[in-house]
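In the two assemblies presented below, chain A is common to both, partnered first by chain B and then by chain C.
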Partner chain A sequence: MIEFSPEVIRTVIRTASLIGAGAALIAGVGPGIGMGYAAGKATSAVRRQPQARGAIITTMLLGQIISGSTGIYSLVIAIFLVFNT
Partner chain B sequence: MKEIQDPVKMQKEIIKKTYLISLFPIISSLIAGSFDVFLGFIFGLIISTLLLRIKYNNIRRALDMNMEKAEKFIRNRYFIEYALYFIVLFTSARNTRINFLAAAVGLFMMKFTVVLWSVIDLFKDTFQSKIDEYK
Partner chain C sequence: MNPGPQIKFYLFNKEYLPVTDTLIVGWVSVILILILAKYLTSNLKMRPEGKQNVAEMIIELIYDQIEPMLPNEGWRFLPFIATIFIYVGFSNLIGLVPGVTSPTGDLNTTLGLALVVFIVVQLEGMREHGVWGYIKSFAEPVIFLLPINVIGELAKPISHSFRLFGNIVGGGIIMTLIYQAAPALVPVPLHAWFDFFVGMIQALIFGMVAIAYISVAKS
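Let's turn to the complex of A and B:
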């Protein structure tokens, strides 16, 4: 059985955690695309019904608040992996 | 929540409710004497409040644009916000006087409030419909 030195094991763990942090950051891209799509649709909705502008802004604001949390989750995981290994 | 149609009023209501819910962790961290948790929480909360204002202004600007331009605008602004979140979390991770997890919870507090508010509304509606059925 091959035995690795603690130095090698530490390097492997560090590399794996950095790769994991990078992969976690990809999750932050999704909400941006989704928010942009929602904004486009909201713009066309305001064109169709200008009197509903207030309600559309309110709904969009709530949607953006909630959808942005996925990005923060990924950031928290990434920073945790970088600094705690 | 759904009965509020005015975005400014909605914003004020969200901020008010978030600060009300945040009083519990703030007071408990002060009683426990962990000042780093208190600082981290306040840091995250202030940044999330300011980002809410920025979000509102961005949405208002985006609704005056055409569809493709609004899409691009909101996407770019989201990435700027993402960078700001990164700076906040990075600073709290590097600084020993600010608790990293408390800052993250402070950033999440607004989202948590909105979800909690929606769940309470849902329960209220369900309860009301049951009462109406019974009548």
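Let's turn to the complex of A and C:
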């Protein structure tokens, strides 16, 4: 049985949480793809109906922000991992 | 996370809940909103002019969001949604003042607001379907979905509060990093983005998601 000093254990936990914080931000890929897709669809919608530009942009922004919140959750988890341990 | 500067109270060697800067800035913004609302709505006329136009513009902007999602009940929900919208928007904007942290950059504020919305959603659902009818609606269409529906309902205030908190804190952290790298000129357009644009959009989203939750509970 190997005994570790508390300092070693703390360092390992800190390292693991920092790696975890970095890994959590991989979740930024998904919202990026989703928001880009929404922006592309909005662009083609504006091309088809230029007079509805304002309503399209508002709807696009709302949808993008709702779909972007999954990325925000990963950011929150990363912030907790960095600052809480 | 680092709770920031605190004022602590001691009475008979017992420590009480500390007063954080979130609490102070939150109350200051409440008082500022009260003064602003009093100023904007004083001396109302049938033909609006000057400051009354601003007040009507804000109210109509919020009303136009509520009415399509909750038909014929726009005026009933306007005070609640407008309170949330104006408070969150003002709290995000107050972060523009140097040295002041937004109250919405604290999970306590956003979770409190989200819990208020959660309670209103439950009460509105019960009002619409009756207490037993609302509880029964969780077990539809089959009884096996009951735990999933309950968890989904409980996840709403968490996602609702984390969205606002994450956006404001993320913007704040990026601004802190920018200030360390380039203290002059560069942060100005970024302040316009992170505090003004993102703050306004997030306030609108916070209110709109609250409306969406209420309309889902009522349908």
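Quick note on the criterion: the second predicted complex is superposed on the first by the 85 of 85 C-alpha atoms of A that agree within 3 Å, B and C clash if a C-alpha of one lies under 4 Å from a C-alpha of the other, contacts with A are read in each partner's own complex, and residues count from 1 in each chain.
One rule holds for everything that comes next: a contact is a pair of C-beta atoms (placed from the backbone, for glycine too) under 8 Å apart; a residue touches a chain by one contact, two chains touch by 3 or more.
What you see is a predicted model, and the numbers here were worked out from it, not measured in a lab.
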{"item": "Clash-or-fit label for the pair chain B, chain C on chain A", "value": "clash"}
{"item": "Residue contacts on chain A - larger count, chain B or chain C", "value": "B"}
{"item": "Partner chain(s) touched by A:Ala16 [first = chain B, second = chain C, both, neither]", "value": "neither"}
{"item": "Which superposed partner A:Phe83 touches (first chain B, second chain C, both, neither)", "value": "both"}
{"item": "Partner chain(s) touched by A:Leu61 [first = chain B, second = chain C, both, neither]", "value": "both"}
{"item": "Touched partner set for A:Ser69, first chain B, second chain C, both or neither", "value": "both"}
{"item": "Among 45-53, 99-107 or 117-125 on chain C, the segment whose C-alpha atoms clash with chain B after superposition", "value": "99-107"}
{"item": "Shared chain A surface residues [contacts with chain B and with chain C]", "value": "61-62, 65-66, 69, 72, 75-76, 79-80, 83"}
{"item": "Touch list for chain B against partner chain A, complex", "value": "1, 4-7, 10-11, 14, 52, 55-56, 59-60, 62-63, 65-68, 70-75, 78-79, 81-82, 85-86, 89-90, 93-94, 100, 104, 107-108, 110-111, 114-115"}
{"item": "In the complex, chain A residues that touch chain B", "value": "28, 31-33, 35-44, 46, 53-58, 60-62, 64-66, 68-69, 71-72, 75-76, 79-80, 83"}
{"item": "In the complex with chain A, residue positions of chain C that touch it", "value": "1-2, 159, 162-163, 165-167, 169-170, 173, 201-202, 205, 208-209"}
{"item": "List of chain A residues in touch with chain C within their complex", "value": "61-62, 65-66, 69, 72-73, 75-76, 79-80, 83-84"}
